[in-house]
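Paired with chain B in one complex and with chain C in the other, chain A is shared by the two complexes that follow.
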Partner chain A sequence: MRPPSPSIPEKEFIQISLQQSLRIDGRQMLEQREPSITFGPELGWVECGLGKTKVIAQIEAKIVKPTPERPYEGIITIHSELSPMASTEYDTGRPTEEEVTITRMLDKVIRRSDTIDKESLCILAKRRVWHLRLTLHFLSDDGNMLDCGCLAGIIALKHFRRPEVEVIGDDVTIHPPTERAPVPLAMHHTPLCLTFAFFPPSPTSDTTSALVLLDPSYLEQRLSTGLMSVALNAQRELCVVHKLGGVPMEIGEVMGVLDIAVKRAKELNRLVEDKLEEDWNTRKRIVEVR
Partner chain B sequence: MNILPGEQVNAQHSKLKLGPGLLQISVGNASESAPQPIIATRAGTLKHSSNRSKWWIESNSRRYVPAAQEAVVGIVLQRLGEGYRVDIGTAHSASLDSLAFEGATKRNKPNLKAFPLLSFPACVGSLVYARVSLAHKDMEPELECFDAQTRKAEQFGELKGGFLVRCSLQMCRNLLDPKYFLLPLLGVKFPLEAAVGVNGRVWINAKEPKQIIAMARCIEAADPDGGGQDEIATKKLLDTLDV
Partner chain C sequence: MASSRIEVLNQGGYRSDGRKQHELRSIAIDLAPQGVADGAATITHGLTTVLVSVFGPREAKLRSQTLHDRATISVEVGVAAFSTGERRKRSKGDKRLLELASTIKATFEPVIQTALYPRSQIDIYLHVLEQDGSLLQTCINGTTLALINAGIPLLDFVCAVSGGVHVASPLLDLNQLEENDVPHLTLALMPKTKKITLVTMETRLHVERFEEIFRLAARAAEVIHQEMRAAIRIKANTLVASMGSTRATVDGTDRDGNHMDED
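What follows is the complex of A and B.
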C-alpha cells in the first residue's frame, strides 16, 4: 500500500512552525535526537535509537573460502530489510525507494569507505577468510532510519570481537573465547552518517537559502523539499555526500551543512567511544578471568 | 482482572452488551440455563459497568480496530463519485458517504461543488472528524458526519488548521476522560481546541505555533506508550516550555 501522505493541516503547520525555527519535538533546527545505545549480552549486538526510530544491528562471523578475484581479503555483507514491523507502510516483497536508498548508503558508508581492514580478515590466503555478516533489523520508523542504521552498524562492528585464530603451517586452530580473549576487528576509521532536511524559507524573509534541519523526524522527512546525507569521520574525512534530487543548493549552503556535520560527527564519535568503553568495562573482568 | 485471548468470561445479564475484545461464540444449542460462552479476543483488563450489563476489555495498542459509534479523526485519501475514502488508521480505509452530512438528504442531494455550505472538504488530505456508523469485520468501515438521531452536525466535519498528533489508543481514551488532568492543565495556560478521535489521532489547535507544539509535546510525554509521565512531571515539562 502506498503510504498516505501527511494531511494538509500537518503540512501547513510544519511549514509555519519551521519558518519560526520551531520543531514539533522541541528541538533546535540543528539538534540531533540524542542516540540511545544498548548493548546485548553477545559481542556485536547493539540496539540503537534516535527518538522512536529503533534499529538492531548484529554481526556474525564465519570462515569461508575467499572469492577467486580477491584471495587475500575477507568478505563483508550487509543485510538490511525494512519489514512491516518498522511501520505499516513497509510491505514485504518489492523494496521501496527508501529501502533501496538505505541499503545503498549503508554499502557506501560501511563497506566501500574501507571501514574494515579486509586483509586482516584473511586467515590463510586463497583458502580461508572471515566472512562478516551485518544484519540490521529496523524495529520502528520515526524518520531518519538511515543515520540510525549506519550508527548501529558501525557501533556493532566496533563492539564485535572475533575468536582468535592460530595458523601453524597449513593448520588453522580457532580458539574459543573461553580459551583466549577474542580480538577486535581492525578498523581504519569510524564513518558516521548525518542527514539534513531542507524546507523552503518563509516568503516574508529576504533570504532565498533553504531552512536546514538536522536529523528529520518522520513528518519532517516526508514533507521536506530535499534531503542530504553526509557520511564522514571525526578526522574530518568526508566519505559520502548523498543528495537525491530535491531543492537545488548553492556551494556556500552545502559547505555550511558540511561544517555542521563535521562538528556533530566529532561529538557523536566521542559519544560512541564513551559508550563502547563503558560497556567494555563491564565485560573486561569476565573475559579476562576466562 | 487481567485476561488473555481465548479465556472464557463469566458475564451474565439479561441485556448483556459486549464491547471491544469480547466475542460470543456458538457451541451447540444455547438454552436459558446455559447461554453461549463468551471469550476474550485480546489481552487486557476486563471491565464492566456498575450494573454489570456492559462488558469490555481495556488494553493499550497503536492499531485501531473500528467499532460503531466511536468518534475518529481521519484523513481524506480520495474523492469518489458518491463520497470519500478516509484513512482512519485501520487495516482498510473507511468510506464516508456524501449524504452523511447535516442537511443532506436523497432528495436534496448536496452539490459536491458547494461543499463549503456543508463545511466539508472537497480536497484530498483534509482532516475530518467523524463517527463510525458501521463497523463489521467483513466490511469496510463507514463514517458519518452527523448524529444519527438529531441529524445535526454536532461538531463533526472538517478540521481546519491546527495540527494532528498521533498517540496510543489508551492516551486517546484518557484524553476523553473528563477527569484526566492534561487538557485542563493546558487550558489554564492558553485557550485551545482539541478533537480527540479514539483511533490514536488527536487534532489540536491554539493561537500560537509554540502553544500547539507545547500541546503536542505534553501529549507525547503523558502518553503511557511514550514518556508515560504523570501529572507532576508533565506540569514541570509544560513550565519549561515558555507558553
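What follows is the complex of A and C.
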C-alpha cells in the first residue's frame, strides 16, 4: 500500500516557513546535517547517518576470473536495495522510480567515475582478479538517502584493506592479515554526493529564482519542486551532475549551486579524512601498518 | 573498443566526422502522423533517430493511477535491437532504459500543463531506431515535437543538446565515438525564459570547464529551437492550408513572428 502523501497543512506550513528561510529541524538553508560515521570491527564496514537517515556499507573481496572483455581489470559490483526496513513506502519486488535513481546514481558516482583503479585489482592477467562487492543496507529513511549511501560507500572503500597477494611466476600466495599487513585500495579520488532541493519562491517577493536548500529531509524531499544532485571531489572536479526536470533554473543559479557544492565538498572531505584517521589510530595496535 | 585510437579533434580543428567544434549534426524532423497516435514525431540528429508517439490525454487505464487534479504522464522507451553496431536485445527492465524514461518524465512533467486534464493520462512512447550518441538529447527534442503535434498544451519548448570537452576545447552535439572518449553533458533549455530544466553529466570534469561548455550548450539549444519551431510552423501551415479556409494565409516565410499561435 502506498502511504499517504504529505497533507495539505503540512505542505503549506513547510512552504511558508521555507519562504522565511526557516527549516523545521532548525537548520540553515544550506546547512547539511552533520554526518555520523561509525566504523565496525571489520575493515570496510561503516555505518553512516545523516540525521535519522541511516545506511550501512560493507565491502567484501574475493578472487575471481576476469571477464573476457576486460582481462586486466578487477570487478566492482554495488548491491543496494530499498527494503521495507527503511520506510513503509518501499516494497520488495519491482524497484520504484526512486530506487532506480538511487542505484543508478550510486553506480555513476562510485563505479563509473573511476574512483577505484580497477587495473590495480588485477592479480594475474586473464586469470585472477579481485572482485569487490559493496553492499548497502538502507536502514531508515529520513530524506536524502542518496547522499548518505554515497558517503557510506566511499568511506567503506577508503576504510577497506585487502589481503596482500604475492605472485611468483604463476603461483599466487594470499597472505592472511596476521602474516602481512593488508593493503588499502588504490583510489583516484573521493567523490562526494550533495543533493539540493528547490522550492518555489514566495509569491510576494520580487525574485523569480527558486529557494535552494541542501540535504533535504524526508518531507522536504517529498514536497520539493525539484532536486539536483552533484557529485564532486575536493579537487573541484565534478563527477556527476544530475538535475532532472523540476523547476527550470537560470544558468547563473545552476552555477551558484555548484559553487556551494564545491565549498561543502571540501569541508566534507576533511571530515571524512579526519574520521578515517581517528579510526585508524585506534586500530594501529591490531593491524600492523607499513 | 578501438575508439581511443581515433582523433577526436585533429590539428585542423575538425572532428572525426568532419564537423567543426561548434557545429551541430544535421537535423531532420518528420511530423507525419503514425498510425493511431494522437501525435508523433521522428527526429534525427546525425545518425541518431528516435520515433516518438504520444497518446492522450485519455482516460487512465488504471483507476489507481488517476490524479484528481492533473493528468498523469507515462513514458516508455524501447530500443530496437538493430539500432547499434552491436546487435543486442535490451530487456524492458534495463536500468539504463528505466532511468532514461524517468528522466524524460521528470523533464516534461512541469512543462506539460497537466492541470488542464484532471483524471486523465498522457502516454509517451519512444522508439530508438538508430543510435550514434546524444540519445537523451534526441529523445527530449522528439518528445517536445510529438507533444506539440498532439496538440497538448506546453508552457514552452524543451530543447536539449549535448556537449563535451576535449582537452580544453568544447564540442557540441557529440556522436558515439566522441561520447565514449570525452567528458560530456546534456542540457535542456526552455527557450522563452532561457531557463534550464535538465542537466546531466556522468564523467569527471573540472568546474571551470563545466561552466564553459554549459554556457555554450545553452546557446546551441536555442539554435535547435529555431529548427524545431520552423518544422512545427511548416506543419501547422500545411494543416491550415488543407482545411481549405480562404481566410487563412500560408505565410511559411514568417519564421521570426513573435506570436506562436500553433502551440
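As a working rule, the second predicted complex is superposed on the first by the 288 of 290 C-alpha atoms of A that agree within 3 Å, B and C clash if a C-alpha of one lies under 4 Å from a C-alpha of the other, contacts with A are read in each partner's own complex, and residues count from 1 in each chain.
The working rule: a contact is a pair of C-beta atoms (placed from the backbone, for glycine too) under 8 Å apart; a residue touches a chain by one contact, two chains touch by 3 or more.
This structure is a prediction, so every number in the text was calculated from the model and none was measured.
J.: Kindly say whether there is room for both chain B and chain C on chain A in the superposition, answering fit or clash.
T.: Verdict on chain A: chain B and chain C fit.
J.: For A:20, is the partner it touches chain B (first), chain C (second), both, or none of the two (neither)?
T.: In the superposition, A:20 contacts chain B only.
J.: With both complexes overlaid on chain A, does A:112 touch chain B (first), chain C (second), both or neither?
T.: Second partner only, chain C.
J.: If you stack the two complexes on chain A, which partner ends up touching A:103: first (chain B), second (chain C), both, or neither?
T.: second
J.: Given the touch rule stated above, what does A:8 touch, chain B (first), chain C (second), both, or neither?
T.: The answer is first: A:8 touches chain B but not chain C.
J.: For A:240 in the superposed arrangement: first (chain B), second (chain C), both or neither?
T.: Only chain C; A:240 stays clear of chain B.
J.: Look at A:42 in the shared chain and tell me whether it touches chain B only, chain C only, both, or neither; answer first, second, both or neither.
T.: neither
J.: Once both structures are overlaid, what angle do chain B and chain C make about chain A, taking C-alpha centres and a multiple of 10 degrees?
T.: Value: 100 degrees, nearest 10.
J.: Please work out whether A:251 is in contact with chain B alone, chain C alone, both, or neither, and reply first, second, both or neither.
T.: Touch status of A:251: second partner only.
J.: Which chain, chain B or chain C, is in touch with more residues of chain A?
T.: Of chain B and chain C, more residues of chain A lie in contact with C.
J.: Taking the superposition as given, tell me the minimum C-alpha spacing from chain B to chain C, whole angstrom.
T.: 9
J.: Under the contact definition given at the top, report the residues of chain A touching chain B in one complex and chain C in the other.
T.: No residue sits in both footprints.
J.: Per the contact definition, I'd like the list of chain A residues that touch chain C in the complex.
T.: Interface residues on chain A, with respect to chain C: 95, 97, 100-101, 103-104, 108, 112-114, 189, 225-226, 228, 232, 236-251, 254-255, 258, 262.
J.: Going by the contact rule set out above, which residues of chain A touch chain B in the complex?
T.: Those in contact with chain B are residues 4-13, 16-17, 20, 22-26.
J.: Would you tell me which residues of chain B are touching chain A in their complex?
T.: Going through chain B, the ones touching chain A are 75, 77, 87, 123, 125-127, 159-164, 203, 209-210, 212-213, 216-217, 220, 241.
J.: Help me check something: in the complex, which residues belonging to chain C touch chain A?
T.: Checking each residue of chain C against chain A gives 95-96, 98-99, 102-103, 105-111, 185, 190, 193-208, 210-211, 214-215, 218.
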